[in-house]
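Supplied in structure tokens, the structure appears directly below.
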């Protein structure tokens, strides 16, 4: 068991390393006059030279890469070209907001998606199933930024039930936090709920199909309820994999929604940094999000294997 | 902007049938959209850049079925021409991702061993990248032309194809007829072309359709934040962006572009799902 | 010179306080103390150093609250006392003697004296400080501080608008020791104003807090003010409607009527006129805009009335001649009336590019009115063979850096904070001017500008500015488009705020919250 976990952790390291190197290379693609754009009118030749020196842009590429990796290992991600503050510090200040949003959206998605998926499986082939799958389809297809605008129009501007922008931390004031996180969480949660519902339905039906064969001669309703509860438990395990991936994707995908709702998280920070060509910030956010993604996948992987011994023995991982 | 494959479809004893409502509806939507985009000049009542300054910001009327925008351009016409941009980006990037990703996946599975491990590790790195941020950054770095957007999105969706192609290839690789063909000295490339590709075609086609859906959403998102198609070229996402300041006064400027985006994505999603059910009703797609 | 300072001082202070307080604060009941005002604007300044503030915007607006100047301007743009309780001007107009209010303290506790005024003005004039406003004060030959509360400023020539210039944030009085200790005032507080600078927060917002020792008794009312950048117009305007922000700036176009119709939001009195002009700027150092005929062709081809209507949803005044708006006393009579394509074609034929050319028009995406105007121009200029590519830039700093470093063909931009016709023209047309992105050089105009400062008679000055505007309209380094209505909007329970045509937020000093 321990060997398995260790093996998984070790496998994750090269991925993170790869991301770090890739990020470095992508930033190297930036056009040369980006520096001029950042410095603007203050760009005297001395200043440009000092700038290049600070960011090590004159040294050969492999050496730059080595220095970059060294700094990353020391968790030194440099300073923002805009605010002149340490990048990691600025990101950590905004991370809680994104995590709170992700948490709220995930909870919402599970609260909606799981019952929806179960219902669809229970009434498979009947009207409820069709309706549930229809809504799931819509939920997956609707553009989140459009949904955000519609929700703002209805709930913030017309009904004034929820604020359209602004942020209150969960720790500071849970009730006000709920009011502020409501609309953005719904916007993000609906898409995720759709995916969860589809997976729950499919997984449940799959498990039922296999187990049903074994208990083909079910002795009435009581047996069927037991069957269902057992099936549900088994079916939800692979779903956790999906949820894990969704969370990982969500952390990196809140960018546009955070911007619309003025949610001061990492995503909005990233968008501003992209507009402003603030490369140190962009690089670091990408690495942080990738780290989250890899870690979550790692946890889900291990949890899945621990929970479902059948998978371990089948050795079906690629 | 999820790149995950669809869930396992276990419909039990579902028959292979073309009569699946999802497939039909999806197919119809996609067909309509493609036709409209191709025949835009004939279908659209006005040109996409045709401004009529004295008739700006009008609500839907007989002359302009969906109203006019802030420069007096007909919204319906712009939506129709916008379909062209969305499809160009959607299909272009999906095809690019398909070609690149499938090649990598097939190569990895076919050759196996160290190459396989290396390539899949590289794909893992791609997967770990936050998709939206990568797209935004690439577009900002490369420039906001349609070609660059297709390039950026193609790169982002490639790893998913690699995984699908690889998994498919692996399952086919072990088949006895493949072994037999190799035994009689069939050359690799020929083997791949004649035996492998037709068998992995189905999952790749399905994945392509689904990728188009995601790419359309992605392009709309990029245009929404001003990093996609530039004015005055029509783009659904950009129309949402410029229309949103009139959210309360003229909601139709926001409602219609978003509706079109949703319909397009829905169409491709339904089509993709339908194709998947058609091709392999019992197949257990990978959970990732 | 007679010294009536001792009489004027207390009278002037009273007058000052009365002027401030009757500006609206008492209109709705007694002011309450306390509270935090949350302000939203559309871009963040880069420094809070008053001598280095670049634009008439967030840069200088904070300075007006954290620092004081010798004189100030009231709501009608008349000069009123501030740090100087009274002043006298010599007959030849070159010597200004100011009597300072006693007992004004910097935020670090030290009393503000004449020496500080001398130091501050000299710092402003020092080329090493790098002030972009410096050229407005170069008429100052000497600043003396004969005693602790007397300042004598000697000009090399008379300057009709000198007092107005002294009221600008650029002429703020700063504490020398703070400058020397921190090497500058970019992030620290060296002022004496109604508010103290707390600093920039992690999320980018700027916070200022009440100065309990402000030299005007009873002010300010607010405890704190937080300035947040919300670039997106839709988000910012929605925020004030839902109460997430208390006050927002840069309300233009359709948002003016939208917010007016919202009962929970108040738009301050006035028609939102602002001393701002928007124009199409040409980079005259680059082809094809080094050719005057080309510029004149474009100037004649554009229908400014329609552009204004489209860009601002009608909330603006068309500039049919020069940069000075039609409601201003120095406005030039309209020159252009709609689009004159015949004349435009004629100019093109006479130019070096008779068959047309292509260029890139840069705009900042947050200025949707500019994006619309750009698309309009693209359409209207096409028949002249002119092919425009619109380059929409998402970030202000990057966009402006490109323009100020002459890395552009043409752009659409506005310039505000203008009161006197000199403000509209000086920095725009003088060689190397802070607003002269066009690279325009015209000695005759510079000569006329200099002359205008020496005259005090309004009619005489108007004649000069008519001449200046006629020249620049003809030579067209810029094509003037509109003077937009721009105002602020605030929650109904925000009291005592009023709109200033200079667009700055000094009214926050008398603002209070009715909560």
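As written, the chains take the letters A, B and C, and residue 1 is the first residue of each chain.
By definition in this document, a contact is a pair of C-beta atoms (placed from the backbone, for glycine too) under 8 Å apart; a residue touches a chain by one contact, two chains touch by 3 or more.
Because the structure is a prediction, the values reported are computed rather than measured.
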{"item": "Core chain by centroid distance, with centroids computed from Cα atoms only", "value": "A"}
{"item": "Inter-chain pair with the most contacting C-beta pairs", "value": "A-B"}
{"item": "Distance between the centres, which are taken as Cα means, of chain B and chain A, whole angstrom", "value": "21"}
{"item": "Interchain centroid distance [CA atoms averaged], chain B/chain C, Å", "value": "48"}
{"item": "Whole-Å separation of chain centres (CA-atom averages), chain A against chain C", "value": "44"}
{"item": "Of all residues in chain B, the ones touching two or more other chains", "value": "225, 227, 244, 247-248"}
{"item": "Residue list for chain C, restricted to those that touch at least two other chains", "value": "238, 394"}
{"item": "Overlap residues in chain A, where contacts from two or more other chains coincide", "value": "152, 157, 259, 274-275, 277"}
{"item": "Parts of chain C lying in touch with chain B, wherever the complex brings them together", "value": "233-234, 237-238, 253-255, 258, 306, 309-310, 313, 365, 368, 371-372, 374-376, 378-379, 390-392, 394"}
{"item": "List of chain C residues in touch with chain A within their complex", "value": "200, 202-204, 230, 232, 235, 238-239, 241-245, 394-395, 397-398, 400-402, 404-405, 407"}
{"item": "Residues of chain B touching chain A in the complex", "value": "1-4, 6-12, 22, 120-122, 124-125, 127-134, 136-138, 140-142, 163, 166-167, 213, 217, 220-221, 224-225, 227, 237, 240, 244, 247-248, 251, 254-255, 257-258, 261-262, 265-266, 269-270, 273, 284, 286-288"}
{"item": "Interface residues, chain B side, partner chain C - complex", "value": "49, 51, 53, 56-57, 70-72, 225-227, 230-232, 242, 244-249"}
{"item": "Chain A residues within the chain C interface of the complex", "value": "33, 36-41, 43, 82-83, 85, 89-90, 93-94, 152, 156-157, 160, 163-166, 259-260, 262, 264, 274-277"}
